Structure formats: structure tokens, C-alpha cells
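Two complexes are shown next, each including chain A; its partner changes from chain B in the first to chain C in the second.
And then the complex of A and B:
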């Protein structure tokens, strides 16, 4: 061992145990890895544009009066654009955590993480933060293409943007627990694609991403299920702010935000708890590297 | 930290099997002193990796307890993780982020290993230099050879400067020169920085050269433990003495040696270059060497008489074979 190297290992340095720094480390590393998949980013961007074009042509077939009844203006493009852009965003965020977990296990990096001093919640939040940032790129891109490419009538005034940004934050927090729960499923069962697919499908359907929820009123069980979905409240607030220009002064928006906070407070600890149960189970089974 | 950096008491790991549970580690007691370089050997599937993964807190024991750095591996797992550096060399670099460079891999691990940024920067450059990775430090790991990947893994293990190193096959996949350098590094880490090192390797020469004490694990149990001398004694009731003579007339000397009462049997008597070698099993080593020297003195020119120690490979094979058959 040369002298230069040994001098760097003779110091008695106090560890930097900041959880924020650990979370940042995971976010930084995962984002850097993601950016190496350039083809993937390009094709996904292309897919986003094509999907908006589909909704644009679909909107030409829908009567404005049918949408007006839902209380979100008269443009089906604006209605569906918000529904699908934010649903995709949520799905991307939720899916990223479990997808990364699956890759980490398959590539053998999970054991290194798990045997290091990082707190598991910092690891999960770091993974989630990467998903939220990358998802934001697609979501903002989709809205921009809809508004500037296909003339979707959305409110981009500061007050509406501030309101929708706040709703976005609480929408993410209210669903983060779900993403962490699914990551726990990946730990134990090694696969979660069918679960994430089902969650995204349920989210889009029951929250009314592509159709007004009034259509469910004739099917009481479905209407009740719709009211139980946190995304329903997020979507309501987002449509009200971005289509109608509603702000935080609106009682409806405040109600939706309150519901999202309640979901966040309940689901986040539950997600972390269930992840820890899954983590302890694979440590008991000795399957931390199985896939 | 107390006198023992690693301490296991009756540690056991059972996995559910089709008919009966599969016992990977079976009531194992192990004490590794602080600052010791300790070897753990065993055939494939003997329980080495399960034992190490339990010490890393990756696997929970079914029974028994273990402490690493004085911390309980179940109740104080977070503290244990701050104390250890684990290298799983057999993964051949799988445990790295292949789509990050070596430098970025190390930066990433500095974050999760709680190494402060200013310290990490200096250590990363020194480690890249030491492991001859500087030239390719910014290329993606996916383009590295297996040896380079193992070198990055070694660098990563050392980065947080943990007091206890669990090195599972640290030189697998390395070229001869890097393997030699790595062995020297392991020795230096132990001798100069007083790291406690638990080393497993299929390279028995490596373990024999580096480790003060060695444990042999087979079917989940520690079947032998001790210094090389103690292990050699386990397989050799009779010690072997080698006599080296000048000249090629060794037959007469062999007959004289055979007649001595301390000699059990002559195992080898053959020409070796311009000399002759005789190996004989003796019942009392201390008495046998001067008796042989006296018996041959005057008639033969003796180049040397010494004890022959079995190599670790021979010890390992005999102990594990005996254990499997017994």
C-alpha cells in the first residue's frame, strides 16, 4: 500500500449521517443512470406526443355539451389531457420505485445498499425523487404539447399554476405510500408489473381520467370505488385549477387538498411499514439476491 | 470495541426444504479477535456465504446470536452496517452500477456510506490511483474487464474505512499482478491500520499466506479451527522429516534411517538433482532430528534436515473429506 493511500485511511473522520444527503445520493446516482438511457428518453417523448395527438382527434368526436355537464369546461382535449398526463405521471412515479428495486436486485446492487448504513426510507425517497423529477419532464412536456401544439384551453396563469403545483405535491405524497408498498411486493415476490399495471388502470378508470365521473352514477359500487381513490380528488382539483382557473381560495380545491393530506398521512407510514415487513421477510428467507 | 470484533454463539440458519429444513449454518461458534486476519474455508455450499451474509445483516439467523464490532446483528443492525465493509468478489462486478463510471460509483457509495464529501474526494482519487483505474475512471463500468470491476468493488469496500472487512473472494477474477498487489493491500490494512479481516477464498495459497488462523466450515459446521500448525497437527498424527543429502548414493542412508526406532516409515527416498531426498514419518519430531543427524554423521554429507509441514490444501482436503465420510 503506498504511503499516499494509507494517509487517507489513518484519519478518524466522523461519518456524515444526514438522511437528506443519503436521499440526494440515491437521487443523483439514479438520475445519472437514467440519463444514460438516451434512446429510451427519446422514444418515450415521442410516445407522449403521439398519445396527445390521439386524444386530440378523439376530442373532435366528443360533443362539448357532454363535457360541460362534468363541470370542467367544454374541451374534451383539455379534460383528457389533464386526466392522462397526470395519471401517467403518477404511474411513472409509483412504477419507478418498484422498477428500480427490481433492477437493483437483479444486478446485485441491492445487497450492497442493504448492507450499507443508509436508512431504507432515504433509499426509497431518493428513488421516488428521481421518478418524480423524470416524470415531471414527461408531464410538463405533455401539457406543453397539448396547449401549444393542439390548442388545448388550459389556464397557465401564476395563481392557477401555483394551485396545481401544490395539488401535484400532495397528489405525489398521497400516492408515495402506494409506490413503496408495491416496492415491498417486488422484494418478496420479485415481480410487480401486473400489480402496477392494475393500479394504473384502476387509477385511470375510477378517477375518470378519460370520461366524466357522472357516467358512473348509474353503477353505485363503481361510484363508491371512485370516491375512495385519492387520484379522484387530485384530478378534480387539477382540472378545476388548470381548466377553470380555480385557486386556493376555492372551497372545492381546499377540500380536495385536505383529502389528499389525509391519504398521505395514512398511506405513507403504511407503505413504509409494509416495505419493512417485506424486507424482514426476505432477510428471513435469505432471498436478498434472488430474482 | 471489545477483544473480539466478530463473535457468533450457536448461530444457525435454516431454510425451508421440500421434506426437511436445509441447514445452511449449524450452531456455529466463532471468535475473531480485533485486528486479526482470519480465514474461512469451505467447499461450495458449505455455508460460508450464508454466515457472512448473516454478519452483514442481510440474512436473519434462525437461532443463536452474533456480534460484529460489539453490536448485535439483529438488534443493532444499523450499527453493524456502519462498522463493516463487505466485498462479494464472486459476483464478478455485478454489484456495481454498470451504467456509472468507477468515479461515480465511488461518489455514489460515499453518499450512502456516510463518507463526508471532502474526505470522499481525496480517498476516491487515492483509491483510483492505487487500483490503477485512473485512466478509465470516467468510462462506464459496463465497458470494464472483470478484473477492473473487482478492483472498483475493492475500492468501494475500502472507501468508508470500516474497522471490520468481510472479504468474500477478494481476488477472484484478478490478473496475477493485481492479485499480488491486493494481497499486499489486505496484509497492510491488517498490519498497519489494524483492520479486522474475515477472508474467504478458494485460493488456499492466499489464505495460507495471509491468515493467522483459519476455520474450515463444512455442511454448515466449523469442522476445524486454528493456526496452520494446529490444523496440520489435526491431520498428521506422525510428523514428517525431510533429509537432504549431497551425492546420489542415498540407498545406504535410507537403510540406516529405517532402522532407527523413532522412524515409523520412509515415505520417499529418491534422487533430486545432484543430491538425494529421504522423507520419513517419525513419532517424536524433537528427538528424531538429532538422532537422524547422529546416525548419518561421518558417512554422509547432510545438506539439511527439517520438518515438512503439509500445505493448507492438503489439510483442507483431508479435513473436508474426513468430515464428509465420517
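And then the complex of A and C:
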């Protein structure tokens, strides 16, 4: 009887097994949804511009000698602009997967996706790709407004841009595992926004998005926590390349990249593994659609 | 004529018990507390959020020169105290404005706003009730943020007269932002989207109200935008009170701040209630109150 029912409902259309096409499909679908939120795009763009203006006025009070002592030039605007623009980008990438997962569960579409022939890996990477692209719009926009609107002294030469782009890729890869891990938490506990929110707060603070890390040297536990954050190394490399014009020939940049690679190698498989554990658990418990 | 008959047929002869405004307000506070308590982690996160923000500006203060603060009349020139007061009070009102719009948005999502506003509870009682818990909760976070700031090096002048002056400014700050929150909630009821407007307001106030820097650093046109916002006067008043020890009786600047805040409240409170009422009736007429 069961077999008869299965035969009755069976579809003869062969599922598309190409992971690239599945990833592209998820990415394109999510991008279309994003484009319907025009008010958000306009207000987020406005907020980005205003936030840079805030750091510009704040920078007028900062003693240049204090920034110079940290080894990142003398402009606090350039220092904070990089800290905030890239932290926001990372936030977009990490938050994207867990946030979309939570929305799918809340709207009741996750079970449909989970029952379809789409591989979960393709789904995750498609969601992440959408986060990378939208985040890129705000990040490039913030840097452009900072440089052309408020005269932040950044190096946009090809070598510096190439170096910072490479750092950006490894920065994302080193944090992607964390985003996937949090998405696994969403699957089981149906809540994750607070977790990603906390991660981004700690990341910005301990990596020194707004102040030079030398100031933490009097507080050993804080200094150690700072050294454990992958974003610390990404930010150091990005500031060195975009403020000082350092390239891949610099030993400091190579060291930072090596640390990011180590984090990526450890965290990415760990994130995928924990996501699979969560995914299997909700399928076993039958809680795919509950929230 | 037909509609009158239908109304008569559906009318219930049950006499409504009169619930006082105080009872309704209490019921709203209890309800919102119960909802909030189911998200216990959010309490922890809110505390950590403001603690990290205060700690960040503790370190930022170490690279800042006091010259601009002194030139603007904040005689101690202590940037950390300046930023601590700015962050704590701006977060206080932002949470409250966001809280109200988010509350309305949540009611739209869960489909309860139509039920509440169709009941004997007037929209004025609803707005007041929906704001109370957020402000109470915000006050606890505010006290915590100030306590932490003082613990790590903030310096304020605490005397009975500065405390009384500060309390008056805080009260006016809350009243002014209740008006902004009500207007924002009205827009949410109408367009079914709230956060973009509330966030835009948040960023604008941070830019022009002197949360992170004295107003003297702004160009004249941004200063004028700042003069239209209550947070500008409240922050100036609170900082002069607690950083310089000024009070209403001996400071002409504080008296100006006080008059500006009272004028803002007199104009904005009725106006914002009108905006909410207009949006509410429009949604009622169009039958879209329950939509989201």
C-alpha cells in the first residue's frame, strides 16, 4: 500500500544534481527576495553614510600621535573606517546563514527545502554567497564614501587592492565555519540572532575596530582574548595594506594570512560537521518545521 | 439602515466593567515582562552590549584630546565621562523608540494588534501601556551602564541639586521620545514596516545630537538639524549637570535647554498622537489593521 502511494506521488523529472547550479539557484532566489526590500536598501545606505560621518567628526578629536604609535598612519578616520567597514561585512556574512535559516523555519519553508533534492551544502553556500555580495555593496560603498566624501587617506593602488582582496577572502573563509556552526544551533534551538550579535560585538571589541590594540597591553586577559580572534589578524593585514600600502611581500601580511588559513582549516570542517549533527537531529526528532 | 439592524443583532447586552488606566498600564507591564522573560538570553545580551560599548569608549577616550570639550563648556574635559553619558542616555531613548515600534510590529506579525485595538482599550492607553515596560527596562540598563562607567573611571558630580536637575532632564528626555516613538509606531501601523525608520532616526540623532563629540565640531547646517532634536538639549543638560555641577538655578544654558525641551514636548506630543490616530483610523477604514 505504502509503495503504491509512493509510486503515485513519484515525480519522473530527474533532479538537477549539479551543486554549482543548485548553489546558483539558491543565491539567485535569495537575491530576488532581497531586491524586494527597497526601503531597507535605501535606509541601510543612508545609515552607512551617516556612520562614516560620525567617525569623521569623532576623528577630529583624536590625537594623531596616538594613532601613529600603533603603526597605522596618523588618520583615525582611516583607522576606524577599515575597522567598521570590514567588521560589518563579516557580520553580513556570518549572520546571513543563521538569519535566513531562522526565517525559513519561521515561514515554514525550511522543511520543503530539506525534503527537496537540494543538497544542504549547496543551500548553505548559496545563502552565504548572497550575504557576501550584499555585504560587498555596503563595504565598498563605505570605503568609497570615506575616501571620496571625507578624504580618508587609503591606498587604492593595484598591489594594495590585490593584497586586501586576498585578505578579505581568507577573512571570510576563516569565519564562515563560525556562521555555519551558528546555523546548526538555529536548526536545533530555533534561535540564533543573539549568538551572532554577541560574536560580532566581541569580534569588534577584541580586534580593535575602534582603538589601537596597544591600549589593551595593561590588561593581559583582554590582550590574550584579542590575540585569539581571527578578525584581529585580518584587520591588521587590511590596515597595513590599505593605510600603509603594504603588499604580499610584507612578512607581517604573510603571517596574518597564515593565521587566517589555520583558522579556516580548523573552523570550516568543524562548522559543517556541527551543522550536519543539528540537521540529522531535527530530522530524527521530526522538528524540521517547528519553531 | 441595514447596517444598523445588523449591529443591533450582533450587539451584546453585557455591561463592560470599567478598567482604570492604571490597571491597564499594570496589565501591559506584566504582559510585556512575561513575554520578555521567555527570552532570558536577551537580558544578558543587552547588558553585555552596553558594557562593551562603554568599555570601547573607555579605550577610545585614551587617544582623544580634551581641547574640544573644554572649548564647548564641559570644563573637566573628561572624554570618557562625556561619551559614557552620551552612550547611556542615547541607548536609553533608542531602545525605547525601537521598543515601541518593534512592539507594534510584533503585534502585527502575531495578529494581535487588531484584537487589542478593537477592544475597549483606546489607542492612547495602548501606546502608553506598550511604552511603559520598555522605559522601565531601559532605565535598569541605563543605571547599569552608568554604574559600570563610574566603576571604570567615569567622574560625575553627585549632589542633591545635580541629581534633581538630572532627573528633570531625564524625565523630559523620556517624554520627548515617547512622542517620537508614538509617531514612529503610527508609521509602522500604516506602512507595515518599522525598523528602517527607527534605525534612520537612531543614526541621525547619533550624528547631530553630540553623542560622541561636542556639537562645536559640526558644520552649521548639521548643528541646526541637531537643534530640532530633544536628545541634543537633554544630553547637553545632563552633561553640564553631572560634569560641571551646574543646576537650573545658576546656569543660563541649562535654562535654555529646559525651555527648548518643554517647547518640543508641547508641540510634538499632540502632533504625534494625531499622526498615530490618523494612521490607525486609515488602517481601520481600509481594513488593513491585521495585515503585515
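In the analysis below, the second predicted complex is superposed on the first by the 275 of 291 C-alpha atoms of A that agree within 3 Å, B and C clash if a C-alpha of one lies under 4 Å from a C-alpha of the other, contacts with A are read in each partner's own complex, and residues count from 1 in each chain.
Following the convention adopted for this analysis, a contact is a pair of C-beta atoms (placed from the backbone, for glycine too) under 8 Å apart; a residue touches a chain by one contact, two chains touch by 3 or more.
Source: prediction; values computed, not measured.
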Touching partner for A:36 - first (chain B), second (chain C), both, neither: first
Which of chain B and chain C A:286 touches, first, second, both or neither: first
First, second, both or neither for A:21, with chain B first and chain C second: first
Contacts of A:212 with chain B and chain C, given as first, second, both or neither: second
Partner contacting more residues of chain A (chain B vs chain C): B
Partner chain(s) touched by A:117 [first = chain B, second = chain C, both, neither]: first
On chain A, the residue positions that both chain B and chain C contact, one per complex: none
List of chain A residues in touch with chain C within their complex: 39-40, 42-44, 46-47, 50-51, 53-54, 57-58, 60-63, 66-67, 76, 191, 194, 197-198, 201-202, 204-205, 210-212, 215-216
Chain A-touching residues of chain C, taken from the complex the two chains share: 41-42, 45, 48-49, 52, 55-56, 59-60, 62-65, 68-69, 79, 193, 196-197, 199-200, 203-204, 206-207, 212-213, 217-218
Residue numbers on chain B that touch chain A, as the complex places them: 13, 15, 24, 50, 53, 56-60, 78, 81-82, 84, 86, 88, 91, 94-100, 104, 107-117, 119, 122-123, 126-127, 129-130, 140, 156, 158, 160-161, 184-185, 188-189, 192-193
Residues of chain A defined as touching chain B within the complex: 1-2, 4-6, 8-11, 13-17, 21-22, 24-26, 28-29, 32-33, 36-37, 107-109, 111-119, 123, 280, 283-286, 288
